[in-house]
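Have a look at these structures, which come just after this line.
You will see two complexes here that share subunit A, one where it goes with subunit B and one where it goes with subunit C.
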Partner chain A sequence: MNSFIVFEISASALGAQGQRMNVIASNMANAHSTRTQEGGPYRRKDVVFSSVVLDSCPGEFKGVKVVDIATDNTPFKMVYDPGHPDADKDGHVAMPNINIIEEMVNMMMASRAYEASVSTFNMSKAMFMKTLELGRL
Partner chain B sequence: MSDITITGLKTGQEFSKVTANRKDSGKGFDEVMQDAIGKISQIQNDADNAVKELASGGDVAQAIITMEKAEMSFQLMVEIRNRLLSAYEEIMRMQV
Partner chain C sequence: MSDGFRILEDLIRLTNMRHGVIASNIANVDTPNYKAREVKFGQIFEGMELKATNPKHLKNSYQDLSGEIVTKTTQEGVDKNNVNLDTEVAKMTENAMLYQAGISMLSIKIRMFKNALRR
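Our next item is the complex of A and B:
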């Protein structure tokens, strides 16, 4: 139905921010992982958002979708820790290129964006319900 | 609304002409209502399925939004029913 476009768009935003949180959780969890299946320390991941035309509401109004989960190729942090099993011959360990503080900020942004979408949804629902009261005495 | 006709005052032949005209000019009110109720029922089924999918690892936000849509379309239907009933009651109160 036409009046449900705004809800579809809010839903797409909720889904996209949810996926962003998944990626941030993965980064947080692996902030100290020195081994991965591909070999080497964990590399930071980042989401790429794209606006998309939703099947349920073609036209000018676009939803949002996570189109790619990109790998951050900035260099690893070298930490001096000779006792570490993955230390090189100089005693340096390559740690993931993750800054916990940066991830915290990203997480807050994802959370705020999610809240904003929920507010959009609630406000649209309130408007819809108000429409039903038109002409009621 | 220029084509309002009081069909009760017409002869049987003219009445069938009026109803035939109505069929030609598109859907009647009853069909429109049936379509609308069918769509609302479909939305209710979608909400049902979304809740079932939750059990097998579906998306919570999606399920809630489908449920909200079901609620809103249902409220819309109830509102239409209330307006129709009040119009009907208004007519029944009419002095002849």
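Our next item is the complex of A and C:
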């Protein structure tokens, strides 16, 4: 077992959770965007995680990777707002399918997982520093 | 020379392996279908007896400590993932302390031999 695997595992988790945080931030920022380049209101995005065997890792130690950024196809929220420029003839506006509360919960989970990986990283570092002290008595 | 080195070597090797397994559990806390794993230690104290120069003495036969990686079967969440972040962080702290204790004991053992050689 390569001793530095734990650092790679923690780093993969930090990267993946960071990317999840970016996607959540983008969802929150676009909670009221009714126009996008693809046309229509903004659709909620979500990351898809998968456990991966890292290049230098044997099978038992798995890192994590974002394999896809999926689009949430649940229907748009219809809001009655006749004054809105994107309102249809009945006065309804299609708003992005984003629930701010749900995004907040996701954000807290991402942040907690990120913190856990940071503490894993620090713990690994402390263990290695202790091992290095073996040489100097 | 002495079984102490072998015991400590095994302890350090296995706690290091367990640290890797816990790190991968923590990394995959939100991965769907991921199953948490843990390192089960073999029987370290099995047959750990003293040297026998007399039939009445106890025997000393340290066998290499083995570690086995097993998949946990705790309750799964809706995403078929059974990693419990709090448990893993607690186990990681405990494991790191065990590792550091192993390193400290090894360090003391080396110092003992050094002292013996100096006199």
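Note that the second predicted complex is superposed on the first by the 131 of 137 C-alpha atoms of A that agree within 3 Å, B and C clash if a C-alpha of one lies under 4 Å from a C-alpha of the other, contacts with A are read in each partner's own complex, and residues count from 1 in each chain.
In the analysis below, a contact is a pair of C-beta atoms (placed from the backbone, for glycine too) under 8 Å apart; a residue touches a chain by one contact, two chains touch by 3 or more.
Just so it is clear, the structure is predicted and the values come from calculations on it, not from any experiment.
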item	value
Partner chain in contact with A:A113 - subunit B first, subunit C second, else both or neither	second
First, second, both or neither for A:I98, with subunit B first and subunit C second	neither
First (subunit B), second (subunit C), both or neither touched by A:V66	neither
Which superposed partner A:V23 touches (first subunit B, second subunit C, both, neither)	neither
Which superposed partner A:F49 touches (first subunit B, second subunit C, both, neither)	second
Subunit B versus subunit C as contact partner of A:K125, first or second or both or neither	first
Subunit A residues touched by each partner, larger count belonging to subunit B or subunit C	C
Partner chain(s) touched by A:S10 [first = subunit B, second = subunit C, both, neither]	both
Residues on subunit A lying within both footprints (that of subunit B and that of subunit C)	1, 10
Of subunit A, residues touching subunit C in the complex	1, 3, 5-6, 9-10, 12-13, 16-17, 20, 48-51, 60-64, 109-110, 112-113, 116-117, 119-120, 123-124, 126-127, 130-131, 133-134, 137
Residue numbers on subunit A that touch subunit B, as the complex places them	1, 4, 7, 10-11, 14-15, 18, 121, 125, 128-129, 132
Residue ranges of subunit C touching subunit A (in the complex, touch as defined)	16-17, 19-24, 26-32, 34, 37, 69, 85, 88-89, 92-93, 96, 99-100, 103-104, 106-107, 110-111, 114
Complex contact set, residues of subunit B against subunit A	39, 59, 61-62, 65, 68-69, 72-73, 75-76, 79
